[in-house]
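Think of it as A, B, C, D, E, F, G and H in the order they're written, each chain with its own count starting at 1.
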């Protein structure tokens, strides 16, 4: 796997292979379109490649709690699902965050609300970045827009999960999951579990027993834990990343993530070829949000247009990022409608000329 | 005079008074678990999955590694933990609200898959921690805060019998219902735990021990009356016995 | 000859122990412990009746009772 | 270099397979490629289509609303996709199942009786390969030999004995179009 | 019940009685502290007062889906829970929103994340207002700060649920739930189900059959449904309400909701008595958010301080509301710590003098 | 010659081709439901709770009021609906992934509470809609996309038998397992449905009919071979018969 | 005397009907319907063997088959 | 008028009941009132307390960090709450169980041997009522008669026969303090 040969695979497979390369040894999941390629691939490969465990859980609730269990054991573990399934995981994710357990959750976002459809959507941005579960917690959120990023970000996701002892969400969508592209697999350096052996539970031989929990009843204990979590989230801000494209001389900066980001890139290229001064910021991390990047651009006097395949979610973060300096317009492409680069010509031109 | 200490708390039990109400059987169940883990030499290899209920603080009393599972999900958490540590001893400790109500799918599927874990199921026919609401195991006629006139079969259905269900599943290796109301039954309960735990250690499969237990507070009875209730009302409906033992297949 | 010892601070006065003692020597004292419970006890004079059967200890939910037996000189 | 194509037909006609093959060949030829299928319950019993993009640069959108080219394997697909084809675009029509008379003048059309040609080669099911050969010949977006070479990578082990026949079908499609291009 | 006599009851009981007064006939719920008084009260009163149904569900997942079922039947139905339980309801709530079903969900917010504690918290603001479930949907969110509001808002909640065919969340907290106050019960006019008989399912006798669903697979159908939902959310904006207190000449406007809002009111009173120019805006609806009220105050040159018992959630909405004109500072009181009016003296004075 | 139409689609069936694969038994199950509802005169009083699976579109074929339940939750949705409309006929239609996996707690508790609803359970031992993953009902040895080498008892546990569990619950009034593989079995299936539905109409209680069904697509078999598989592989493991009938208590 | 009628547009060619016909008169035609399936049929000349037993109709998953029987003049 | 009080003691001493009674009487007397208990597992076997606010205006905070008055039923409660009492605040100490010597000078303290007085009236369990009577006398925050009148509203039907006795206990507590106030 270490030579630089490109393989032609689906995004779902890239995500699966990325997880294996990251040293993931436990997979738990429940079938749901459009991510079934992942459990199907890993049902044999998890054992074959990493000598790991694959469990088809009875539900997403169970899958997320199996993840919590494996994480408590210090294992590199993951679950994958799509929107309705991820909604069912919210309690467990809140517990993982509260108990400071690392784990990777992939959401191949489909159309909602409700059963919706199985097409592409970015409707789960709020759920992903605001903690759809209860309480004050955050998960790191990575948003791949290509199959290669699907692969790479899985490796990154496991690393971040252990670095911060926090759940990491990989927010893909049906386009990224279902498309095929050339992917160059690579093997990261040996997995660094950032000292998991010092907190995980694996039998109290020769040491104090350990306890992983999120219940804090003693006076002030929960407040303390929340302060602790908040300072961790503060530290996470350093991980914010974005793909900045043609922004230097841009008058209008489009902000778009994931597959919509890459599709908009085509639109921007086309407009550039027509001499239009448009740029693109594609956030690669959705939490932490690359606010600095946007603030810097705002200070340069750029205007902003946020494009999402939803009814307006990330635009809140863009507006909050540049507040006091600039604002952002919004164009939403409805879930339920497969977007192409043509769809974004008119809105971008409109706001460019506004 | 040379005297021998013939009964003492096992060392695994942390020496602090429990938060349980007087006469609550969680204390007995904790001790039995502690004794069996000690006798089997498992203390340093044990991972305890606590559940949400009065016993959520089990980790304050047993000196082993532990994780807190969301309400009802201990069997799923234990599945993940055991898969990550196949060589460790993993058990869950769950109440009847936790296991038979919200966590029903998780316990049944963990058993059906034959996960190599052990489950200690404390059935006190009521939601203890939250203040005495009806549980799926509440007996017909029994009063609870959400059925103050007593459980009514027509309206609420009958008490669910978990050992009967778990015993019927393919992946279950050992399943027994015991009771903590008398010295004899407590002795039997300990043997059952040992049996179930051994099945995990040997890699045979899923072990399940249901313990009929008293919750004097929410039964609104004194501890002695509560004990009597187990014998007179619970055991007749929840028969004691072995519901599955793969090492004796066909024998019973 | 045998005897029992109560770690009184743990006792909650549930009196389950008293129900299983074959010699009926366990009763409730009038002492409160720090937890506010009236603890169980065996009166000094009754202790000699203790058989060391451990029944009380087995049923006690709070690990209050230690049981001692005089070593038989066997072995 | 930039080319994109929508390949469309009935569920069983193997449009996904040739989409994969084309993209794979593009990759092996050193280009950037994307392939995206339409999937899910809508597919059951209905029509199927996929989109392939081949480019010398990074590919932005894998989804194409106004394709530069088409491979049309059945009539409903023509009705659905021809209107989207850009002016001057290229389409391959499987004239065994598609009414070639419906082809519009504003685009360049090559017709290939793919089922018949495949039939003659021994198996109608290779009609997809014939059409692909025709397409590659018509557009030159990847070297024909590369497409044949890539067969081994997209056809599973179990059917590897069919590779030579498929290569033949690709060639036959190409030859047929070469005739028309003269 | 119709004379104006005050009764002295817990907030949880006020909520229960409000629901009965609103004509609620179906209750589904699962025990969880600190809201158990509600199911305990309704287990007998639902039948006694409204001849209704009380079901203790096997879980919050089941309770929310029972709610969905009763709502589909056009019944005035509700469920109640607290934070972890509400996380488990997210899938069903998304389905209800997607299928346009009315229903009332009460969250007596406790400390999180995870098991947290059973004390008061406002940590579920994001989950409540951003749709913790998947897809683009919103629930109306009402936030009582007194027992009387607990009663009143239940009546309002049912009305709004049917008016918009949408789930309505009542976001209370442990303080509101557990405290007792005098409450004046009142009987609203006969319940107006806003034409539920025209969409609910109750047997297709003499009419076309009806279908309540959230799956939209046909081309463009899901996009259409999302557009439909968005215009509904647009219309809901008219329902935004806030309690505006001493703002006229205020230099600093504190924004705080629910029980924190009322506690801050004490602080504001005390500061006013010392001549300090402080005002309070207490949003009564969290979605729609009373942005207009805040924008108007911003235009008058006020400064803002948002106070919440969490790590900063509503402050996003305040900032978004006043963006381009003003901004808001934030003071968070940690969940896990019971707040009193003294706690807010220092932060308010600090920002007043800043 | 006067001719009589002795078999036709019941009027309740909407006249449009189904989206099901050739030989899929959902079509048979739909028709049986339609026939029984028609014969019992329930059409205008019926509320159908659809579930998520290949049969999610049941509402396109049956001309009755319907609501779509989240995956696995149809019994809870039906509970709410029935409580809101006690005088209507409420049934759920669920696949085995839906009912026996994610929705296990909901079906067991609806049965245990004795909800006055009827459940049509189509057991085809596989997740159909999502493309053939292993279900809790998948037989040992059967191949599925998440167990391509076949289900392995040691690793995945054995197939779960739902009728045995449901039949053992206090609130269940009627529970039978039937099969759709032969004319005789289809006739029996219809009788079972009728029995279960009557229990609801009479207010007796919860009715459950498990139908062993074919999914040729995901079994990767032609429809005829699939039918044979039901007889040869499924019925031996999932025995047909009545598991509970409160109207005949003690008789069997 | 009896006969069957196939609503061909609904047929999916699964041929389950053919397996249960006691007279074995149902076979697959070479006609495709709009859905793209080769439909089942009873050849003209075989129809007279139909007993009207309805077996085919009962097992057909797609409601393709109508069955007619000649009225017995009874009653 | 504004008064707030924290009432604290052991779990079984009935502090919640007198908190309720006081607040109820306040309401009946036409004031605004709030009552909030400390609840939950921490309570089990431990101490209990509640806070009551009585005011002629809308009440903002039902939670009081620096109370204006206290009713202290046992020693641990004194240790915990006396430091929070405002300077010049009023406290009632149940001197049957609390060491009155620990009372600080910066506040006004009334001591009442509540258990003994209650015992004399026939039931120690009415110590809470004695203390409440003392408190009402000391602060005058509600009319004493109103408190007695409200007994019927907070004591359940089943125990209504105990109402006269409880009223006596309230009066006895009040009388005791009246002595001290002289």
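Couple of notes before you dig in:
The working rule: contacts are C-beta pairs under 8 Å (C-beta built on N, C-alpha and C of every residue); 3 or more make two chains touch, one makes a residue touch a chain.
Just so it is clear, the structure is predicted and the values come from calculations on it, not from any experiment.
Graph distance from subunit E to subunit H, where chains that touch are one step apart, equals 1.
Put simply, the chain farthest from subunit F by mean CA position is H. Chain centres here are Cα means. That of subunit B falls 34 Å from that of subunit F. Mean C-alpha positions place subunit A and subunit G at a centre distance of 55 Å.
One inter-chain figure worth recording: subunit D and subunit F are separated by 43 Å, centre to centre, where each centre is the mean of the chain's CA atoms.
Centroid to centroid, with C-alpha atoms defining each point, subunit E and subunit F lie 39 Å apart. The set of subunit F residues touching two or more other chains comprises 21, 56, 68, 70, 101-102, 104-105, 109, 113, 129, 136, 156. Residue positions of subunit A with contacts to 2 or more other chains are 33, 58-59, 61, 84, 91, 95, 99, 114-115, 118-119, 213-215, 217. Each of residues 40-41, 45 in subunit H touches at least two other chains. Here subunit E touches subunit H in the complex through residues 6, 8, 33-34, 118-119, 175, 178-182, 259, 262-269, 338-343, going by the rule given at the top. Chain contact summary for the complex, subunit C toward subunit B: residues 1-3, 9-10, 12-16, 19-20, 35, 37, 52, 54-55, 57-63, 65-71. Across the complex, subunit D meets subunit A through its residues 20, 23-24, 27, 32-37, 39-41, 58-66, 153.
Considering their complex, residues 1-9, 13, 17-18, 20-28, 31, 182-183, 186-187, 216, 223-224, 227 of subunit F touch subunit G.
On the side of subunit B, the complex with subunit F involves touching residues 101-105, 108-109, 112-114, 136, 153-154, 156-161, 164-165, 168-171.
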